[in-house]
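Chain IDs A, B, C, D, E and F follow the sequence of writing; residue 1 opens each chain.
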Amino acid sequence: MTRQDMSAIPNGDLLVILRHGPHGSSWLREGLDAALVAAAFGQRVSLLFLGDGVMALLGGQQVGPLGQKGTQPMLEMLGMYDIETLLVDRGALVERGIGVSDLSVTVSLVESEDIANVLAHHRQILNF
Amino acid sequence: MILHILNRSPSASRIFQQALDAMGPDDRLLLIEDAVQGALPQLVRYFEPVIGRLFALREDLVSRGLEGRCDDRVLVVDVDGFVTLTEEADKTVSWF
Amino acid sequence: MRYALLVQGGPYSHQASHSALRFAQAVVARGHHLATVFFYHDGVYNAARLSAPPQDEPHLLDAWRRLNDEHGTELLVCIAAGLRRGLLDEREAARHGKQGHSLEAPFELTGLGQLIEAGSHHDRLVTFSP
Amino acid sequence: MRYALLVQGGPYSHQASHSALRFAQAVVARGHHLATVFFYHDGVYNAARLSAPPQDEPHLLDAWRRLNDEHGTELLVCIAAGLRRGLLDEREAARHGKQGHSLEAPFELTGLGQLIEAGSHHDRLVTFSP
Amino acid sequence: MTRQDMSAIPNGDLLVILRHGPHGSSWLREGLDAALVAAAFGQRVSLLFLGDGVMALLGGQQVGPLGQKGTQPMLEMLGMYDIETLLVDRGALVERGIGVSDLSVTVSLVESEDIANVLAHHRQILNF
Amino acid sequence: MILHILNRSPSASRIFQQALDAMGPDDRLLLIEDAVQGALPQLVRYFEPVIGRLFALREDLVSRGLEGRCDDRVLVVDVDGFVTLTEEADKTVSWF
C-alpha cells in the first residue's frame, strides 16, 4: 500500500494491533483469539502487525521445547473467519531483513506514514 | 481524534516510537504510570513531534516526586482530566 | 456515556489494576455509567478470591466488588485466560474434577465475545495493561 | 553441582516458566542436583493448584510436581508475594479467615530468607523472569 | 567513585540491582525486600541503581492515588539493616537531569565503565 | 566470568544496553526467548561489543523459525550448552 492508494486503506469494525512475537509471551495468541472471536461475532476485523509482531508471520516456526503450540495454526484459521486484511509495517520487516517471500501468509505492506490512517479507519482498536 | 495512552518509560522501552508512528495529526498522547518520566525536560525530546498535544497524569507525577520537575510544554491533567480526554476522543489506544 | 474497561495487568505486580480502579472511580464520579470491566491476560488474577494483601495496602479485590455493588458494573473474567491461570468458579471446578474454587460472584467467567460486545455496545473502551 | 532456580514469571503469560522448566530438566539430565526452585513476583502463580490448561498445552503445574517427585527438588513460594496474589495454603487460609486454599504440597509457602539461603548454599542460582 | 579509586569498590556477599522506579510495578519493592532479608541473615549487601531504578531515590515521593505506600519508607530502613553501600549509575542521573542533592539518601556515584567491576566484586547477584 | 542472560528483543526494549554496560571483558552474553531475534544479521549490531562471546539458545531460535537466519558470529547452543555455560561461569545475571 503506497501513499498513492490511500483509498485502499480498509475500513473495519475492529483493528487488532499485534506487537509481540510468538512464544515469548501470550500477547500474540491472546490478540489473535480476540480477532477470531470478533470475526465470529460478525465484525469486520483487520490485523496490523507492528515491530516484533511481524515475527508472527515468519515461515518455519515450530512448537516450543515443551510442546507449546505457537501461533502458526491460528494464522491459518484467519481465512476461515473471513479475516483477509493483514497489514504489516514495512519498516519492521526491513529492520529485521525479512522479505515478503519469507512470510507464511499473504499480507499488505503499510508504510509508516500510513499507520495513523489505518487506525483512523477502524471504529475500535485493541492493542496487543 | 484518537487518545493514545502510554505507560512505559521511554528510557527503558522503545514502545513510545510505535505510539508516535501511529498518531495522526490531531491525535493526543497521554503519559501515565512509568511513562510520566517522559515529561522531564531531559526526556521530553522523545516526544518532540507531539508537543502541544502531549499530556501527563498529575497523580502519577506526584507519587513519583516529579510534579514540579516537568517541562513547561507538557499539559498536566489529573484523573478527571483523563476522563475528559477519553470523552473528547473518538476512541483510545493503549501502548504498553 | 457508557464506559467499558479492559484490564490486563495482575494486581500488585503492575500499576495497571490501580490505574484502572482510579480511572473507574473518576468515570462514575463524573456521572458516566461504568457498565463493564473485562479482565484478560494477567488481569484475570484480580478476581482471585483468596487475595490477602497486607492491611496497609489497597485491597484491590474489595474495590472491584464495591464497583459492582454500588454501580452495577459487571466484572467479567475471560474463561480461557482464567482456566490456564487457575481461576475457576464452582461450576468450572466441578467440570474439571477439582475440589474448591478460586473465583466467585460478583466476578463472572465469560467468553471473549463479551469483550467484543462491550466494545461495540458501549461508548468508550479504555485498556490498562502491565 | 547443586542448582537453585528463581522463577519470576507467571505461567502461560510469559515464557519464563517454560524456560525454567526446560533448563531444570537439562540440569538434572546432566547429573546435577536441582535442590531448589524459588517462586517470586508473578512466578508464585505457578503454584496455583486449580490451574486447568487446555489438554494440548504443557501442564506446567504437573511438570513442577514431577521435578519434586523424581528429584526431590523443593518448590518454595514466597509467602508475601503469594498472599497478595491469592495463593494460600490451608494454614494461611485459616489464619486469614478464608474458606478453601489455592496452594498445596509439594509447593511450600516460605519467607524470602529461603531464597537467600538457596543462593548461599547452592553452587549456582539462575533466574527466569518475564 | 572514579576510576582512580577502584579500590573503593566494595566487596560483598550479595549485590541487588534495582532497575525499576517506584509505583509502576512491584519490582523495586520486591528487590528491596530481598536486600533487607539478606542483610537480616547477616549478608553484606550492596545496592546498585541502574536506569529507571534511580527514580527510587528521588526526594518528595508520595503515596499512590489509592494509598499505595511507595518505597521511601523502605529506603529509610536500609541503614537500620547496615546496608550502607548504595551505588548509583551517574549516567542514569545525568540522563534525567537529577542531581545528587535531589536524592533522599546518601549514595556513591559509579561511572558506566566501573559497573562490571561492581558485579565482579560480589559473590551473588539478584537483578530486579 | 559472569554469564549474562537476556530475554528481551533489542527492537522493543533498551535493557540490552544495561546488560552490555555491566559486562566485564571476559563475561558472556546468552540470548534466550524474545532476545534471540538479536542473532539476526540485521540486529546483531546491537551486540557488536561482545561478538565472540555472544550466544543464542537454539531451541528458542528453532521455535521462532530463526535457526537458519543467524549471523555467523553468533555462537548457537542448545539447552545443554546453556547448562554448560552456567557451570563455567562463577555466577549468572538475568536481564529482563
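What to note about this one:
What we mean here is this: a contact is a pair of C-beta atoms (placed from the backbone, for glycine too) under 8 Å apart; a residue touches a chain by one contact, two chains touch by 3 or more.
On a predicted model such as this, the values are computed, not experimentally measured, just so you know.
Two copies of one chain, chain C and chain D, touch each other, and the residues they use overlap strongly: the shared fraction of interface numbers exceeds half. The chain with its CA mean position farthest from that of chain E is A.
Here the chain pair with the top count of touching C-beta pairs is C-D. Here the spacing of chain D and chain E, counted between their Cα centres, is 27 Å. Between the CA-based centres of chain B and chain D the separation comes to 38 Å, rounded to the whole angstrom. Separation between the centroids of chain E and chain F, computed from CA atoms only, is 26 Å. Along chain B, residues 7, 11-12, 15, 33-34, 59, 79, 91-94, 96 each make contact with two or more other chains. Residue positions 12-13, 15, 22, 41, 57, 125, 127, 130 of chain C each touch two or more of the other chains. Among all residues of chain E, those that touch two or more other chains are 19, 23-26, 51, 64-65, 68, 124, 127. Applying the touch definition to all chain combinations yields A-B, A-C, A-D, A-F, B-C, B-E, B-F, C-D, C-E, D-E, D-F, E-F. Contacts from chain A toward chain D in the complex involve residues 23-26, 64-69.
Chain C meets chain E in the complex at residues 12-15, 18, 21-22, 56-58, 63, 130. Listed in rising order, the residues of chain A touching chain F in the complex are 19-25, 51-52, 55, 58-65, 68, 70, 92, 95-97. By the touch criterion stated above, chain D contacts chain C in their complex at residues 10-13, 41-42, 45, 48-54, 57, 61, 83-88, 92-93, 96, 98, 100-102. Partner chain E is touched in their complex by these residues of chain B: 7, 9, 11-12, 33-34, 37, 40-43, 59-60, 62-66, 68-69, 79.
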